[in-house]
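Okay, here's the structure, questions in a sec.
Order of writing sets the chain letters: A, B and C. Residues in each chain are counted from 1.
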Amino acid sequence: MKKLDKNAKTAFLNYGLVAVFFVAVEIMMATGVMTNSFKGQLIPIISYVIMALALNLVVGISGELSLGHAGFMSVGAFTGVIVASSLQDSIGASPLRLLIAILAGALTAAIAGIVIGIPVLRLGGDYLAIVTLAFGEIIKNVMNCMYVGVDSKGLHMSLMDANSLGMEPTGRMILNGPMGATGIKKISGFIAGIILLLIVLVIIQNLVGSRTGRAIKAIRDNRIAAEASGLNVTKYRLIAFVTSAAIAGSAGVLYALNYSTVAPKKFDFNTSILVLVFVVLGGIGNMTGAMIAAAVLTVLPEMLRQFQDYRMLVYAIVLIVVMIATNNEKVKALFAKKEKGEAKANG
Amino acid sequence: MADKKTPVLETKHLGIDFGGLTAVDEFNIEVEHGEIKGLIGPNGAGKTTIFNLLTKVYKPSRGMILLDGTDTQGMTPEKVNRAGIARTFQNIRLFDKLTVEENVKIGLHNHINYSSIEGVLRLPRYWSEEKKAHEKALELLDIFEMSDMAGDVAGSLPYGAQRRLEIVRALATEPKLLLLDEPAAGMNPSETEELMNNIRKIRDEFGIAIMLIEHDMKLVMGICENIVVVNFGKIIAKGTPAEIQSNDDVIEAYLGKRKG
Amino acid sequence: MLGNLINGISLGSIYAIIALGYTMVYGIAKMLNFAHGDVIMVGAYIAFYSISYFGMPALPALLLSIAVCTMLGIIIEKLAYKPLRNATSLAVLITAIGVSYFLQNAALLLWTSNTKVFPNIFANIGAIKIGSVQIAPVTLVTVFANIVIMLVLTLFTSKTKMGKAMRAVSEDKGAATLMGINVDRTISLTFAIGSGLAAIAGVLLCTAYPTLMPTTGAMPGIKAFTAAVFGGIGSIPGAMLGGILLGVIEIFAKAYISTQLSDAIVFAVLIIVLIVKPSGLLGRKINEKV
C-alpha cells in the first residue's frame, strides 16, 4: 500500500507542477512582466514537454528505444494542419477546430505507430530503434514532396508538384513540399496547451498505474518471466508504443498550429534526439524529470544564444555521461558510497 | 476432458536437438493431478531443458506434450501458462524494479478483469478489481509469510525471499501444474525444511500437481511421491523414492559423476 | 538498365563494406554501434585534408585515414562502450547514439557545415567501356575492394587464432573467457577492424559521391545497417549480399520511381524484411539462454 501512495503522490506532484506553471504564466501575463520571446515559447515548451512524456512511456516504462518520435510529431502536425485548414470555412469556432485537428493528428500518428509497431515489436531488441529512425526519415522524405491543396471540390494531394494538383484557381495550398505548411491560421493557445498537457498526464499516469502499465513494466524488467506468467508481450509493447505515438501526434498538432508556417525539416532526427535528451536528463522513467528537462532545455538555448554552436555537442556528451554514470557498476558504487558517507555525516 | 483419470501432464517421445546435438530424447512421463514429482539427474543432464520444452521456451524437435489431454503443439510460452503450466526459473527471474506485490499481481494479471480504457479512466471496475487483486496478492504472499514485504522492491529482496516470491508469482497464475526449478538452491537447511512444508501445503490447499528439479536429495526424497531420473537427456529410472534410492543405474550415474 | 545495375552494385559494395563493420560488432559485442556511420565521415575528412591540403597521394592518405579511424574505433569502445559491458541494451544504445551525435557535432565545429568537394583520386584514369556501357574506375575499385575484404575477413575468422577467438566470443562470452580468450582485447580488435573498414568505405563513398559534410556518414550508415539486417546480422557473406541488394534497389528506385522517395523505399525494404524474415537472408535464429 505504501508504494501505491508513492505513485499517487508523484502523479499529483506532476499535476501540481503544471498548475504552478499555468498560474505563474497567467500572473506574468497579467502583470506585464512576460517578455515577448518567452510568450512565443509557451506553446513550444508545452509541445516538447508532451513529447518528452510520450517518449518516456516508450523508453522509461516499456524499455525500448524510439528514434523516430519526431516522425510521429510530423505526421500529427501535418494531419492537424490539413484538417484545420480544410475545416476553416465550415467550422467557425477555433477551439472546436483545434480539438478535431488534435484528435485527427493523434489518430494518424497512432495508425503509423501500429503499422511499424506490429512487425517490429515482436522482434524486440534493438530493431525498434533502427526502424523508428528509418520511419522518421521516410516521413521527412515523403512530407518533403507532399503537396496538398483545397478548393471547392475538396482536398487534392500529390507527391509530384503543386501544378499536378489540378486545383481551381480559387483553391488554397495547404502543404507545399519542402516549404511545408504555409498560411496556417494560428489556433493553438496557451490554455488549450495546458489542457492537452493535463489530459496527456492523466492518460500516461493512469495507464502506467493500471494493470496494463504493470504488464508493460514487467515485460521491460524480464520478458521471459513475463511470457511465463501468461502476458502477451507484443500486445503490451504495442499499447505503450501506439499510445506514445498518438500523444506525439497530438503534440505535433499543438506545435504546428501555433505558427503560420511549418517545414517538414523541423521534425528531423535532431528533434528526435532532442526529446531523447529530455528523457535521459530527466531520469529515464521519471515523468517529473522529463517535464522539467524539456521545459528548461527549451527555454535555456534562447537565453544562451552565444553557446548555440556547442549546444548539440553538449547534448551528445550529456547522453554518454548520464548513461555511464547511471549504468556502470563502479560509478554507481562510488555514488552509493558517497551517499552513505553523507548520510552518516548527517546522522 | 479434465476428469481426474487423465494425467495433468503426459509427454510422448519428447525430444530436442541443438545443432545436431541431441539434448533430450524419448522423454515419456505422466504426472497425475495433485502429484508431487521429482526430476533429478546429474548436472547437465537436461533437466532445465525439459522444463523449457514443457513451457515452450524451446520448440520441441519431436514428440508431444499433452496438458490435461490437450496437445500443446504450436502454443507460445504465454499460451502454455494460460493453459495451466506455471514455472519458476533456476536463475531467478523477477521483475526487479516492481514491488513484491506488483510481481504477484503480474501472476494474477489474467484474472484481473478490466480493460486498459477502464484503467485510464479509473472506472469503478478498476477500483474493485485492483482491490480484489491487492487482497488476493497479500493472501498468496501469506503462504510464505511475506505479506509484510509487499511494498519492497523485488530486486532488493534477499536471495531466499526472491525464490519464494517466484513461487508465489507462479502460483498466482492459477496453474494445474507448477514447475519448480531448484527451489531450494542457496537455502540453508532450516529454510529448506520450511520450503518442503510449504510445497506440501501448496499441493494440499490448491490441489495442483508439482514437478520439481532439485539437487537437495533430502528434499526430493522427503516430499516427492514419484521421481524421474534423467542422464544425458534420457530417462534412466522412474519410481518411488525408495525404488530410486536402490536403483543401480541411478547410483552409477551419480557415483560416476562424483568420481569425475 | 545495365548501367543502373552496375551503379547499384557499386553503391551496394560500399554499403557492404560498411555493413561488415556493423555485423562484426553486433556479432561480438551484441550491440548496435550507431556511431559506425560517423566513423566513415571522419575517415573521409582525414583523407580529404591529407589530399587537398597536404598534397598527399591517394594511397598514403587512405592508409592514414585507416590508421586514424582504427584508433578512433578503439578509443570509442574503451571510453564509451566498455564501461557498459553489463548494462541493459537500452543504455548501450543510447550511449551509441550519443557517440554518433558527438562525432557529427564535433566535426561540425572542427570542419564547419560547408560542403567539401572530395578530390577525384582516379582523375587520370579514364572510364572503361564495355559495349555501350561506361564503367568508372571507382566502380571497379569498389567492387574489387569489397570482394577482397570479404575473402580476407572470411579467411581471418576461420583460419587465424585471433579470428577464431572472435568467433568464440560471439558464440559464448563466458565460455570464451574460460578457454583463456581475452574478451576485452577481442572486442577491441573487432572495433578496430570495423572502423578501419569504415575508413576505406568513407574514401570510396566520397570518391563516388564527392560531397563531404559532417552528416555524410549518417545516411549511408543507417542504410548499411539495413543491409546488414537484410543479409542476416552477424553474417559476413550476409553483409555483402544485403549491401549489394540494397544498393541495387536504391539505384533502381532512383531511376524508375522517384529520386526524392528513394530513401523512403530503401527503408520500406527494411520494414518488409523484418516482417517476412527477421533473421535476414543468411542469418540464423539465436536461441536465448534461459
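One rule holds in what follows: a residue touches a chain if its C-beta (ideal position, glycine included) is under 8 Å from a C-beta of that chain, and two chains touch if they have at least 3 such contacts.
Owing to the predicted nature of the structure, the values given are computational and were not obtained by experimental measurement.
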item: Longest centre-to-centre distance from chain A, chain (CA-based); value: B
item: Identifier of the chain whose CA centre is least distant from the whole-structure CA centre; value: A
item: Whole-Å gap between the CA centroids of chain B and chain C; value: 46
item: Chain A-chain C separation of Cα centroids, rounded to whole Å; value: 32
item: Geometric centre distance via CA averages, chain B-chain A, whole Å; value: 42
item: Multi-chain contact residues (two or more partners), chain A; value: 224
item: Sequence positions of chain C contacting 2 or more other chains; value: 290
item: Per-residue multi-chain contacts in chain B, two or more chains; value: 57, 89
item: Contacting residues of chain C [partner chain A, same complex]; value: 31-32, 80, 83-84, 86-95, 97-99, 101-102, 104-106, 108-109, 218-219, 222, 225-226, 229, 258, 260-261, 263-264, 267-268, 270-271, 274-275, 278, 288, 290
item: Contact set on chain B toward chain A in their complex; value: 55, 57, 76-78, 81-82, 86-87, 89, 93-99, 101-103, 105-107, 109-110, 112, 114, 116, 119-122, 126, 129-130, 133-134, 150-151, 169-170, 173
item: Chain A residues touching chain C - in the complex, by the definition given at the top; value: 59, 63-65, 67, 116, 119-120, 123, 125-127, 129-131, 133-135, 137-138, 141-142, 144-145, 159, 224, 269, 273, 276, 280, 284, 309-310, 312-313, 315-320, 323-324, 326-331
item: Sites on chain A touched by chain B in the complex; value: 1-3, 202-203, 206-207, 209-215, 217-218, 220-222, 224-233, 239
